[in-house]
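Two complexes are shown next, each including chain A; its partner changes from chain B in the first to chain C in the second.
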Partner chain A sequence: MILYDYILSPDCYKVRLLAALTGARITLRPVDFHPGGEHKTAPFLAMNPSGTIPIFEDDGLILTESSAILTYLAAKAGPAWLGDDTPAMRGRVAQWLAFSQRLSASIGKARVHDMLNKPADIQACRRAGTQCLREIEAALVEQRLAGHAFLAGDRPTIADIACFPHSMLAPDGGISVDPYPSIRLWTRSIRALPGFIEMPGIHRLHDLKPEPGPIPERV
Partner chain B sequence: MALSRDVPPQVVIPTFVDGRELAVWRSQSGRIAAWDDRCPHRGMRLSHGFVRGESLSCIYHGWSYNEAGLCQRIPAHPDLVPPEAIRVPTVAAVESDGIIWVASEPASQPPPTLTGLVALRSLTVEAPATAIATAAGMPIDQDGALRPDLAGIACVLLVQPIPGDRTVLHVLVASNASPAAQAAVSRALEDLRRRVESERLAA
Partner chain C sequence: MTDTPMLNEWYPVGILTQLTKAGRDTLLMGEAINVACDSLGAPVVSAEDGRTLPVRARYGHVWTSLGSPTKELFDIPEADQPGRRLVDVGVVRVKCSPLRAVENFLDIAHFPFVHTDILGAEPHTEVQRYEVQIREEVDEVWATKVKFYQPQAAKSAAGGITTDYMYRVPAPTVSILYKTCPPRPGEWDVITLFVQPMAEDLCQVWPWMALFDDQTPMTDLIHFQQMIFLQDRSILENQLPRLLPLDPGMEIPTRADMTSVAYRRWLKRHGFTYGAQLVAA
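After this line comes the complex of A and B, so read on.
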């Protein structure tokens, strides 16, 4: 399995993260997204005419949408990440996978505007991003009332992986995440999962690691 | 300032009191504290930091502070006992009825009693408290609260003004409300926020 990858891309990180959480072995091929624009060159457009990354290749199959890649990787390496095989769960997971496109179109766009100077209607992106975060917060409030820590149920699924990175990286695009207590606890639950890996801007929970040395004694 | 349920052990959150930025955090043993949200070293927000045991550490260079706000460890100088001058200013914080309260001045009144209620959620509204009171059709009472019925449930909305003409509502509902009724209140709050903010945009 090959992932054409860019370290700063939240959509590529979703794939790296699910691979780490499921123990799947994937080969990373770094793409010079910025400043090289390698994803817009002929060899890449031959694989993915839409000119986006991630691109995922396995056994002749090419997938280019992060939600499709998550679905494939989960089915192959960790079916529990698809959620229970019930109509309601399948629907909920598909709902959040589709919703994650709105996060990319708002928070993701605000982020590349602020970090890489890409053109965007930044105020409109930030308004739409805030609206998305409010919707996640409201959904998580109701999940907590049902005793569930994750978006689609009481254990993590690809729905969480699809929505988690942009929810944490919103400040990169000038969108505050301070007003969302349930999002804060949800992102902590994800970062506490065994096998969790970081990306720039999303760090692990340092509180889970022991103090690196003794505290000097006052005399 | 916040709901107790939103600050479990080892969590730190940013908030404000009278425009002052605070980091509110809970230690592993459950102790709550409210400090200035600035590391004395480089000014990094301590609310980005992390809690180990009974101390809060800054995310930037790992300087850690004990429960009195005193710096106890500088990882880059592991053998140094930090001077007592390196101290984070603290403010008094208390918890009652599922709410964390921070004193705006040393002689503040004790928090109001809120028995028979359960904390539901906090939400931020992009409008001043007066606009929310107008939309709710009632004045803010002497406890700093609005007491409307939402989705047919008696609610208490504790009003916390924050900078930028924004308001945080800390919402409690009757403790006999079922989870489904509480979810209905949560949706009614979203509706209240939409009405307040759209009236503000129109004006």
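After this line comes the complex of A and C, so read on.
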């Protein structure tokens, strides 16, 4: 399995993260997205005419949408990440996978505008991104009242992996996440999962690491 | 604009290999400028009022000034050394004071916490004593004999090593870092942070490197440095006060902050106050 990857891309990070959480082995091929614009060159357009990354390749199959890649990778390496095989949970997972496209189109766009100078209607992106975060916050509150810590149920699924990166990276695009306590708790739950890996802007939980050195007798 | 000394300095505003004839609009210290090239590919920088600004093409970037530079652009002799790979890392915009971007680059103590398991790791958090001076003959800030334990000091480093560093500030928004070069002991890798001040609390950072590394693909070198810098970005955007305080107040510098103290003192001595605050904080 090959992932054409960019270290700063949240959509590529989703794939790296799920691979780490499921123990799947993927080969990373770094793409000079910035400043080189390699994803717009002929060899990449031949693989993906829409000129975007990630691009995922396995056994002759090429996938270019992060939600499709997550679905494939989970089916192959960790079917539990697809959620329970019930109509309701299948529906909820698919709902959030589709929703994650709105995050890419709003928060993701605001982020590359503010960070890498890519063109965008920044005010419109921030408005739409804020609306998305409010919807996630509301959904997580409902979930918590039902005793569930994650978006689609009581355990993490690819729905969480699809929506988590942009939710944490929103400040990179000038969108505050301070007003959303449920999002903060949820992102902590994800960062505490065994095998979690970070990306720039999404830090590991230092406070869950073992105390460095001998534990003092008195604190 | 009141900051005359900084107006006369050189600033990076573009990557030489990415210039177009139509040019790109950007900001330099609040003033709109256009960065383009002529039909021969030579850089041309013009201001909004039609003025043509002085330019230099050096270290992979276009340099310009809004004023009348009294000094030539600083020298990096290693840039011309045969065998080095020159890496244009690409621009990153940061909502912070240009001076804070430089100061963060000069700091070692944050490595284990911000660049965990790459440039530092707990429990190896101690910054050993190092030397700092303002070299009067060249009018630059230098920190030498800096040592730090690093799990993965460079893309070319196989495991943890104690890395030697030297830091150099030759201009108010430029920092050059020399560090142990894993494949070529005895030489220094050169990693720079060129900062374009757009406003007092907004800047564009153009990292650039001159490395001895024949193995690592160019894209990997770029991604490694972008990863490091983007780990800093969210920290920089949250620093308070937003402008860099040049006078000591409630902050208590420690021994590890000697480079920062010298940098602030040097800025103040020259009146380099664009992005700084003179009210103690």
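Just so it is clear, the second predicted complex is superposed on the first by the 212 of 219 C-alpha atoms of A that agree within 3 Å, B and C clash if a C-alpha of one lies under 4 Å from a C-alpha of the other, contacts with A are read in each partner's own complex, and residues count from 1 in each chain.
Just so it is clear, contacts are C-beta pairs under 8 Å (C-beta built on N, C-alpha and C of every residue); 3 or more make two chains touch, one makes a residue touch a chain.
From a predicted model like this one, the values you see are computed outputs, not experimental measurements.
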Contacts of A:Tyr6 with chain B and chain C, given as first, second, both or neither: second
First, second, both or neither for A:Asp172, with chain B first and chain C second: second
First, second, both or neither for A:Val31, with chain B first and chain C second: second
Partner chain(s) touched by A:His206 [first = chain B, second = chain C, both, neither]: both
Partner chain in contact with A:Leu73 - chain B first, chain C second, else both or neither: neither
Contacts on chain A seen with chain B and repeated with chain C across the two complexes: 203, 206, 212-213
Residue ranges of chain B in contact with chain A within the complex: 2-3, 6, 8, 10-11, 13-14, 50-53, 57, 59, 64, 72-73, 75, 78-82, 120-124, 168, 179, 182-183, 186-187, 190
Of all residues in chain A, those that touch chain C in their complex: 6-8, 30-32, 34-36, 38, 114-117, 171-172, 174, 199-201, 203-204, 206, 209, 212-213
Of chain A, residues touching chain B in the complex: 134, 137-138, 141-142, 145-146, 178-179, 181-182, 184-185, 188, 203, 205-207, 210-219
Chain C residues within the chain A interface of the complex: 15, 18, 88-93, 95, 113, 116, 122-123, 204, 217-220, 222-223, 226-227, 230-231, 233-234, 237
